[in-house]
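Okay, so chain A shows up in both of these, paired with chain B first and chain C after.
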Partner chain A sequence: MFVAFPVVFSVVLTFHKWNIIAPMEYTGLNNYILLFNDKIFLKSVGNTLIFLLIHIPLQIIIALFIAEILNQKIKLKGAFRGAFFLPVIVSGVVVTILWQQLYGFDTGLFNRLLTGIGLGKIGWLTDPDIAMASIAVMATWKNVGLYIILFLVGLQTVPTQYYEAADLEGANHWQKFFKITLPMINPTIFMVVILSTIGGFSLFIEPYIMTGGGPLNSTISAVLYIYKQGFFYYHMGYAATLGLFFAFIILAVVVVQKKFIEKDH
Partner chain B sequence: MKRFFINITLLIIISLSLQSCNSGNGSSDSKLIYWCSNNSYEIQFAKELTEKWNKNNKDVSVKYQPVPEGRSSEEIILAAVVGKTTPDIYSNMWQGDVEVYAQAGVLIALDTIPGFLEFLAERCDSEVVEEIKSLDGHIYQIPWKINPIMLIYNEKMISNLGLSNPPKTYAEFFEASAKFQKDIDGDGYIDRWFGYSEVLVTWWQRFFDFYPLYLAASDGAPLVKENKAVFNNEYGVAVFKFLRTLYKKNYFSKEQLSARQDVFLSEIIATRFTGPWEIAHADKFKPKGFEYNFSCIPVPDDHKGPVYTYGDPKNIVIFKTCKKPQAAWEYVKTLIDRDGDLKLLQLTNQLPRRKNISTISFFSSYFEQNPKMKIFANQSKYVRGTDASPVLKEVFDLISQEYEACVIYGMKTPEQAVKDASDAVDLLFLK
Partner chain C sequence: MKKFKSILFYTALTISAMIFVYPFYWMVMASIAPENEIGSLTIVPTSLTLSSYAQMVDKIPIGGAFINSLIVASSITIGVLIFGSMIGYALSKLVFRGRELIFYVIIFTMTLPFQITLIPQYIIMVKFGWIDTYWALIVPYLINALSIIMFRQYFKSIPDSLIDAARLDGCNELQIIFRILWPNSMPAIITIGIITFMASWNEVLWPLIVIRDESLMTMPQLVTLFAVGGRAESQLGVKLASAVMLALPIVLAYLFFQKYFIQSMASTGIKE
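Right, the complex of A and B next:
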């Protein structure tokens, strides 16, 4: 009931024009026609994919690198693990506002560091070519702690005998990493990919607070655009159509990823 | 058996919840519900006037309550309309929202209430009456208060530029901006700008740059008329050109400065487009020796006559759920008669939308004590609200998209950007 009704209602809505307060008006396939001619929505889907292309590899590489270090016998291991996990439990809004300050053109820390070493300032959030990458870096910093934990669990399940055998064969650290570690933690990598993909598709708070979707719609994500259509302009029918279409895109991506996982297994 | 009792209990709870939702804020026959804004000054205003009313009107009492907490009062009102839990009276309705509710049939046509038009004619200019008329010719809102957008300026900074007055025209504004901009820390980047306006594309941000400038340049011309965009004209283009130059020459910052310490009070900028709410804020937080004042919105160099601006009007409406519209109107009259208006000024420092308010002796003692509010009162004769249109937010959004492309990033010429915005608005009306 709690799942079926909203889903069915959303599908019904896609054939209507409705601003919540006035009665629904049947419009046939009009919302679907609008969708395929809506350049901003198509751009928002493209932006989301760009975000994923930057965010997922960056997240996996950093998380795996740090997890590998934290899996070694180092001092204050527990403290480091806690420190890396801390951003995950901090409110997304707080993190976003903090990074907005770091990215500030004149007063931001990053630009101060750049000018400190004689380089020019960068419009982290005001340059349309860079803004989405800046958001992806911030989102990676925020979420990487969770994936470090997942990779740590994965690394600890690799039997130590494999490494001992490799040592006897004279394998170096990189060989052991690529020939033993990576294949053994493949399921974890795929789980991280799927979780990051789903999380990435729901990109909302970061562009909503940091850029409002600008500059020049370069950071407007699909979810932010759907939200704007629904709750700024009360185009409920159209927002439902966008939501349904976007759900199919997510479904398609997840199905493709699932195929990869099954193939690998 | 246990499951049966759990199910019955759940059913009773749900029924009671729905029942309470249904009864919501609906007034009883003898009591009217009035939702006021939830800031403490307006709550005090509502409290004092409601107590006075209830003392003199035993047969129809009024219960005031602040609009319930939410992300915005607009959303709360929308939720109340959808849930049919609207109050009888609501003040603080943004003028641009009224047309949507009027078309949805949830507001009372106030011009059908005996005595309404006569009262309105006495309180407001005929221009205001015309402005608040809905597309169906009826009036669904009572003009209540305005916050005209003007240019706030740092007096010392302006005088340091060798100017005795703040810039009035675009040419004067450019000249002052060029003299003012500085690179204080010597890193090769400007870090002191003459002004600042939010660079975000959010539709309502244009109330603080494009829209007041457009009204000033065009002597209060509309943006849309009879379901057609009418801003693709010399004024729309002139305003885009003016703003584009400000950003192109770095007179205004492209960076979002609002997230840090107040840039006006910390003397990072010398001017800003703002409303009378800035007075209380500036007086509270200004550093020692900081002096500021207000002036009209800049206009094109060949402009003659009074300078219009956006008034940010907030009005009063009576919902159709009200069982006693005549009594509700009688109560509303006490909020907006002379005594009510004076109380509004004294308690909230907000300007009633009353004609000639700056020259009526009844209010003179207030303005003598609050000389900066007198500037806004003088301006109040030349303010415009918003055009009657159910898609006003989309109109401002479309303008905002082109504004960003042209003004902030210089990717389009002003002529092209204004034309594209106008075409997009026309298309919006065709949908």
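Right, the complex of A and C next:
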């Protein structure tokens, strides 16, 4: 019951106009027509996809790189692991407030670094072409620690005999990495892709605090837009429609990823 | 060659570790630096001051928010452990019709994106009159699919003979769960406890929706509205001080139980 009711209710809502206070008004397919003509919503979905396209590859490359080094015979492994994991446990609110300062135009650490080596300042959060990428880099910094750990676990499942056999045949480090490691940890890569896709689709608090969705709606995420429609304008029926539609996009993307990676395997 | 390689590894690791730790260090330093020095701060300020903290305490009820967060996160964690173990027990050790069906329904709820249920759940809260109460913050989280699945999995590894023996000794079902299974399931309880507490401590979207009354706000919500609204008056130090306060409890817990945190988070990723 507690599962079915919200879902069914959500579907019913999509055919109505409702601000919670006044009685529900049946509007047929109007919400769906609105949705397909809503440039900001379509942009917010596009923004979220852009975010994922930057975030996921970056996350996998960095996490794999660090996990690969940590998997060697390294002293102080625990301390390093602990450092990478620190942003994972901290609230996204903290990370966002902190990075807002780092990205600051005049006194932010990044621009101070750039001017220090003689380069020009970058509008990390004020340039519409860059702002979403800035948020994706921050999100990667926040989450990558978890994926380093997952890859470490994955790397340890690769039997050492495989590497020994490759050594006998004179394979170099890169050959071993691409011919043995990558295929063997394919399940971990799949898991990382799915987890960060689902996480990325719920992108909300970062643009909410950092940019409010701007500049020029370049960082408005789908969840942020649904939140605004629902809890700023109280368009309950429309927000439910957006939520339902967006959930189908999420499912579609995950299914496609699954097919793609399984075929690859 | 070998030596060169290991130097390379340590250098890469140290630089990467710095990238992850230094911003936090900078944040703490900036929060105790004089406001006019934050813009040029790199390692240490010329003098230390708690004025950012004093101003923050003046402007927002951070102490009350801390208590609220503690109440909400603890209630959710206790609830999830109790209900999760009860349902997990039923699904792993009791035989009844429809057991598998219920299990699959629970898995299905896990795969359901929250974007669908956000609006209906809010409306339920409105109809129950729970807006601006602790109920809205706690009740929707009390039953958690992941915890049920993890308890079910763990209880399966506990032999039935232990439960049969307890039953012969006259234990009822609740006593079996809390007296027999709990002491034998500490790893599962620690894992579920940590991830639940951490997730509820850091949750911010739902509180933003159901709480408007400042005296009921949890820390992430209060700090968010403080940073976004005009009350921090664009003073960096005050904003950063509130962020430090929000991070502090979890970071302290992390320093003491680092191993458990990492294991817990990693194991939930792996089981999904």
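By definition in this document, the second predicted complex is superposed on the first by the 260 of 265 C-alpha atoms of A that agree within 3 Å, B and C clash if a C-alpha of one lies under 4 Å from a C-alpha of the other, contacts with A are read in each partner's own complex, and residues count from 1 in each chain.
Note that in this section contacts are C-beta pairs under 8 Å (C-beta built on N, C-alpha and C of every residue); 3 or more make two chains touch, one makes a residue touch a chain.
Nothing here was measured: the structure is a model prediction, and the numbers come from that model.
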- Message: Going by the contact rule set out at the top, does A:46 touch chain B (first), chain C (second), both, or neither?
- Response: neither
- Look at A:22 in the shared chain and tell me whether it touches chain B only, chain C only, both, or neither; answer first, second, both or neither. first
- Task: Look at A:105 in the shared chain and tell me whether it touches chain B only, chain C only, both, or neither; answer first, second, both or neither.
- Result: first
- Note on the structure: Across chain A, the partner (chain B or chain C) reaching more residues is C
- Once the shared chain is lined up, is A:199 touching chain B (first), chain C (second), both, or neither of them? neither
- Of the two partner chains, chain B (first) and chain C (second), which one does A:216 touch, if any: first, second, both, or neither? first
- chain B versus chain C as contact partner of A:90, first or second or both or neither: second
- Is there a shared patch on chain A that both chain B and chain C touch, and which residues make it up? 20, 97, 100-101, 106-107, 212, 231
- chain A partner contacts - residues on chain C that touch it in the complex: 6, 9-10, 12-13, 16-17, 19-21, 23-24, 26-27, 30, 38-40, 42, 105, 108-109, 112-124, 126, 143, 198, 201-202, 204-205, 208-209, 220, 223-224, 227-228, 236, 239-240, 242-244, 246-247, 250-251, 254, 258-259, 261-262, 265-266, 269-270, 272
- Task: Sort out for me which residues of chain B touch chain A in the complex.
- Result: 75, 78, 81-82, 100-101, 103-104, 106, 187, 189, 191, 199-203, 253-256, 259-260, 393-394, 397, 401, 404-405, 408-409, 411, 431
- Item | Contact footprint of chain B on chain A as seen in their complex | 19-22, 34, 97, 100-101, 104-107, 115, 121, 123, 125-126, 128, 211-217, 231-234
- Residues of chain A touching chain C in the complex: 2-3, 5-7, 9-10, 13, 20, 66, 69-70, 72, 74, 78-94, 97-102, 106-107, 109, 112, 141, 145-146, 149-150, 153, 191, 194-195, 198, 201-202, 204-205, 208-209, 212, 222-223, 226-227, 230-231, 236, 239-240, 243-244, 246-247, 250-251
